[in-house]
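Shared between the two complexes below is subunit A, which pairs with subunit B and subunit C, respectively.
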Partner chain A sequence: MIQYLIDGPLWYFSLAVFFIGVVWQLIAVVFTGNKADLSVPRDSAASGAIKTFFSRFVPHREIAPAIMLPVVAGYMFHLGLFALLFFAAPHVVFLEENLLGFGWTPMPHWAFIVAAQFAFFGLIVLWLRRLVNPVSRLISTLDDHIAAILTFVVMLTGCFALLEGSTGLRLLHRFTVELWLIYFPFSALMHTFTFVPSRMLTGAWFGRRGVDA
Partner chain B sequence: MLSLVLTLAFGLQLSSADASNIPPQKPNVPDGVSALNPGSDLWREVRRRDGVGEFNEVNQGVLVKDLLSEIQRSRQVPQGISQVNQVDSGVMINAKGRRWAAFRMTTLASYSGIALAAIFVIIITFYVVRGKVPIEGGLSGNMVKRFTDYERITHWTLAVVFLLLAITGLILLLGRPLLIPLFGKEAFALLASASKEGHNLFGPLFLVSLIMMLISFARRNIYEKGDLTWLLKGGGLIGKGHASGGFFNMGEKTWYWMVILIGLVISISGLILVSPNFGQGRLIMELMHIVHAVSAMILIVVSVGHMYLGSIGSEGALEGMKTGYVDINWADAHHDRWGKHCHEEDLIVSAEEYARMQGQPADSAEPAMEQGK
Partner chain C sequence: MSEQLERGLETLRGEIDNKVKAFFSSCVRCGICAEACLFYTETSDPRYTPIYKTEPLRKLWENEYSFWGKLKSALGMSQAMTEADLADWEELVYDGCSMCGRCSMVCPVGVDISGIIFKVKHGLSQAGFSPEGLVGATQRAVDIGSPMGITLTTVQAMIKHVEADTGLKVPMDVEGADYMALLSSNEIALYPEYLESLVKIFDHAGVSWTLSSDAFEATNAGLQLGDKSIAGQLVQRVVDGAEKLKVKNVISPECGHAYTALRWEGPNFIGKAYPFRVVHILELLDELKAEGRLKTSGQESERLTFHDPCSIVRRGGINAQPRNLLGAISGNFVEMADHGNMNWCCGGGGGVSSNERAHELKLTAFNKKKSQIEATGAEALVTACSNCRTTLEEGVESNEMEIEVLGLTEMIAAHLEERPAS
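Coming up: the complex of A and B.
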């Protein structure tokens, strides 16, 4: 009964909430609109958008030493999670059989383990920094903590099910993934999609005003 | 059937390799059979070991000594012949494995359980008798910076990874006697499988955190003049008055070096166990398992004491790792030499300033100051 629910209706429900929620949120962002900028443009907004989008991948030289730990941990976590999501062998097979109908070459097992260790280490450090740094602690909301803990739990249940020999552990992992998918569109996890328009909009605004930042 | 045939074939190969082991032929033995009881001789040859102990309690020291001499012996005595060219592929039965299994299932599990229970009993008794150790004069509300964000993140990363490893490790070590009666075999199998995977995955992260810890704190944990006095006063438990301490006192330094050194032993033995493809045989794995488990139990037991003293056992201690700041009265009481340095260098932050830095309204500092009066 539980297996049927997790593999069937709950899976389709969580997918529907995820896709509809993400599209709805992105449309809402697009249609929110901004006040028309009536100032005379000093430079190109488009080049400013592109420049800012890429320049923000590297911390500014002046503040780099102070934020090196969260930057390194951030890269470890995000790259590790990306590799796990799209290149772990069980995920590639799952996506091919259940969603896409085609697959690609997965990572070798050792790379899978290293990616998982990077992701776990990065996430732990980022979450602890959120808790111990007074400024981060002050600007963090309950949603930030739930998003971090939920992502950690999804990864942990995934690592528990690494042997792929137990239905119970596979179901536990899938159930936590479903919770994560349902929570995703209504939380800070949306930054997966919104960081691109957010950065580019700021960059366009800077570019138009000739701000070199 | 096939395996039986192969076993016999393997045994025969070994028997023929060492003619001195063939017993003299008796006259009444039928033609073609070279021994009275060829089965037992073959079996002895296949095992290639004598005097294997029963499945009883085994002394750790004896077992470790035994394993070391066995590793030495295995380098001199040729193994059996096999087409599979791998480590230990020439050993059909590792008879010493039974002694290791006996040690792991009985001695190690029971002593570990007793040690864990004992430390909790000691701490609860201590808390009931002594209670939370207060700061003389109470909290002043005036703070002094003790740890940076980086140092606290390093400490808590190590703590989180250590706890995950300790819990999964204890499930694997003590799960059979403790959890099977509670949850049943099927649920425990699930839990043990999950714990094993989690333990193996998080192990290398412990080593990384340990190296971060070594880099961050080593300099301030070097023993110095005055540390011995702290030890002679039993950290303040013996005699009158507080035991003098610098930034870290003798007890904290000793705990730090225990974590680093025992942690390295645990990490190296763990890496040997988790990567069996670097030429290490069963005997080395058994030895490493004992080293890994015993060192981990020492660290787990002492860490319970550390957690107690760093939280509910001592007033104002947790603040240092929570916010990075400690009350100046706490510093004066527990680390007087460092406290004196803070006074001399004017490093003390007022309660109002501290509240502002923590993003709290200034009046939130008052209760702490009131308490200090």
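Coming up: the complex of A and C.
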């Protein structure tokens, strides 16, 4: 019964909530009004938007030494998670068989281990920093902690699920993924998508003023 | 809920646009912005973290626009915002933020934090949570025409002195002039050499220009307070003055926020585009130099450095021009370590210098600039904003530093090439 629920209705429900929620949130951003700027631009807003979208992947030289820890940990976590999500062998098979109908070459086992270590190390460092650093502690919300814990649990159960043969552990991982998908559109996890319009809107603002941001 | 609080919250609601939604839904509370803010780096107080200063608007967005906020509201579990939610942020936003915008340059998800802080200021000003000093300055700007209470009579007296000193006529209310120059209160009260420099430079370059007796003041206390309605009224005065004289260009003086108010925010405050161009004095001098109309001679031998006014460079896009001009008159110019778009603020922008309550905090924040200046070993500090200049002079005096603070326009005027005697 539980297996049926997790592999069946709850899976489809969580996918629906995820996709509809993400689209709904993005529509809310894109279609909410923004007053037209009546000042005469000095430079192109569009090129500013594109420039800033890419430039923010690398911290400014002037501030880099002070923020090295969150930047390095952030990159380790995000790159590790991306690699696990799309190139871990079980995920490639799952996506091919259940969602896409086609697959690609998964990463070798050693790369999986490295990616998992990167992702775990990065996430743990970022979360500890959130708890310990006076600035992060002050500004963090309950949502930030739930999002971090939920992501950690998904990754942890994912490692457990590698013990193939145990249906229980596989189901546990899938169940936590479903919770993560349902929580995603209504949480800080949405930055996965909203960072794009955020960077571009700011870049456009700076761009029309002729500021390289 | 008091009427004033409701007005403040309604104002904040009106500020929620697609940018605010994108920004708040992408902020991951990493706190990186703190390291870009001199009020945080010089005090180590986490409350000065830039994104924390936007909390009143974030809370409103979360309560009324997010899924969880709407759910809580539907279940009757929502907590209404109170006066404390706004009152507690007055000091952070007005005393502990110079609107320098450095935080907006470093946010990894691209949040324009400074832009949101301005929106918060708008809400706080409408709810009655603004510092007395700034409210008083704004009231004087509305009633008298200047935040320092300067009247046309004072300007006329200054003009007489300038004409006597230079032997040149200061054109007043000349219809059809190419340029209408504006002054900041500081330039009238503290730095009359600015007008003297304009007179000399424009005479040298053959510029057709005028002052306006209706619109001589460029500063905009409404912008500093965050009150868009008052900011619009003050911009409208300039627009009316320029339209009356049918000028083609309006020159923003050496004042950072005046440039922001006139050049970038003004048309939005009054709801229409201008029939004239707004040009910053540095842009104009650079243009005149490029056209060969502004010729300088001789070079300063003392070691100079330049303080970039935030509103002019980072929020205004004027970066190369002061360097072109300084390059022409200095043989010993040295940049600060962080300059241009990533300069550090002097600490007095965004109305902080008009807010007596923020005096001590401003001097603490100045420590960042002090260490920057000292690292250059410069003997003179040049800037292009009278508000920065007073803040820098105050910081230099308070810290017993041995460095002269100069305005760039007056330096250019001091190096004008002599015309051959006819």
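Throughout what follows, the second predicted complex is superposed on the first by the 213 of 213 C-alpha atoms of A that agree within 3 Å, B and C clash if a C-alpha of one lies under 4 Å from a C-alpha of the other, contacts with A are read in each partner's own complex, and residues count from 1 in each chain.
Following the convention adopted for this analysis, a residue touches a chain if its C-beta (ideal position, glycine included) is under 8 Å from a C-beta of that chain, and two chains touch if they have at least 3 such contacts.
This one's a predicted model, so the numbers in the text were calculated from it and none came from an experiment.
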(request) Based on the superposed arrangement, let me know which partner A:G80 touches: subunit B (first), subunit C (second), both, or neither? (result) neither
(message) On the A-aligned overlay, A:R209 touches which partner chain: subunit B = first, subunit C = second, or both, or neither?
(response) second
(request) Name the contact category of A:R199: first (subunit B only), second (subunit C only), both, or neither. (result) second
(message) Between subunit B and subunit C, which one contacts more residues of subunit A in the superposed model?
(response) C
(message) Going by the contact rule set out at the top, does A:F160 touch subunit B (first), subunit C (second), both, or neither?
(response) first
(request) Pick one for A:L138: touches subunit B only (first), subunit C only (second), both, or neither. (result) both
(message) If we overlay the two complexes on their shared chain A, which of subunit B and subunit C does A:G48 touch? Say first, second, both or neither.
(response) neither
(request) Have a look at where A:G122 lands relative to subunit B and subunit C in the superposition and call it first, second, both or neither. (result) neither
(request) For A:G168, decide between first (touching subunit B), second (touching subunit C), both and neither. (result) first
(request) For subunit A, give the residues common to its interface with subunit B and its interface with subunit C. (result) 133-135, 137-138
(request) Going by the contact rule at the top, pick out the subunit C residues touching subunit A in the complex. (result) 16-19, 21-23, 25-32, 34-36, 40, 46-47, 49, 51-52, 65-68, 104-112, 115, 263-268, 271-274, 277, 313-317, 319, 337-338, 341-342
(request) Could you please specify the touching residues of subunit B with respect to subunit A in the complex? (result) 149-150, 152-153, 156-157, 160-161, 189-190, 193-194, 197-198, 201-202, 204-205, 208, 322-324, 357-359
(request) Would you mind writing out the residues of subunit A in touch with subunit B in their complex? (result) 69, 113, 116-117, 120-121, 124-125, 128-129, 131-135, 137-138, 156, 159-163, 165-166, 168-169
(request) Flag every residue of subunit A that touches subunit C in the complex, lowest number first. (result) 21, 25, 28-35, 37-40, 42-43, 52-53, 56, 59-63, 66-67, 70-71, 74, 130, 133-141, 143-144, 185-186, 188, 190-191, 194-195, 197-203, 205, 209-213
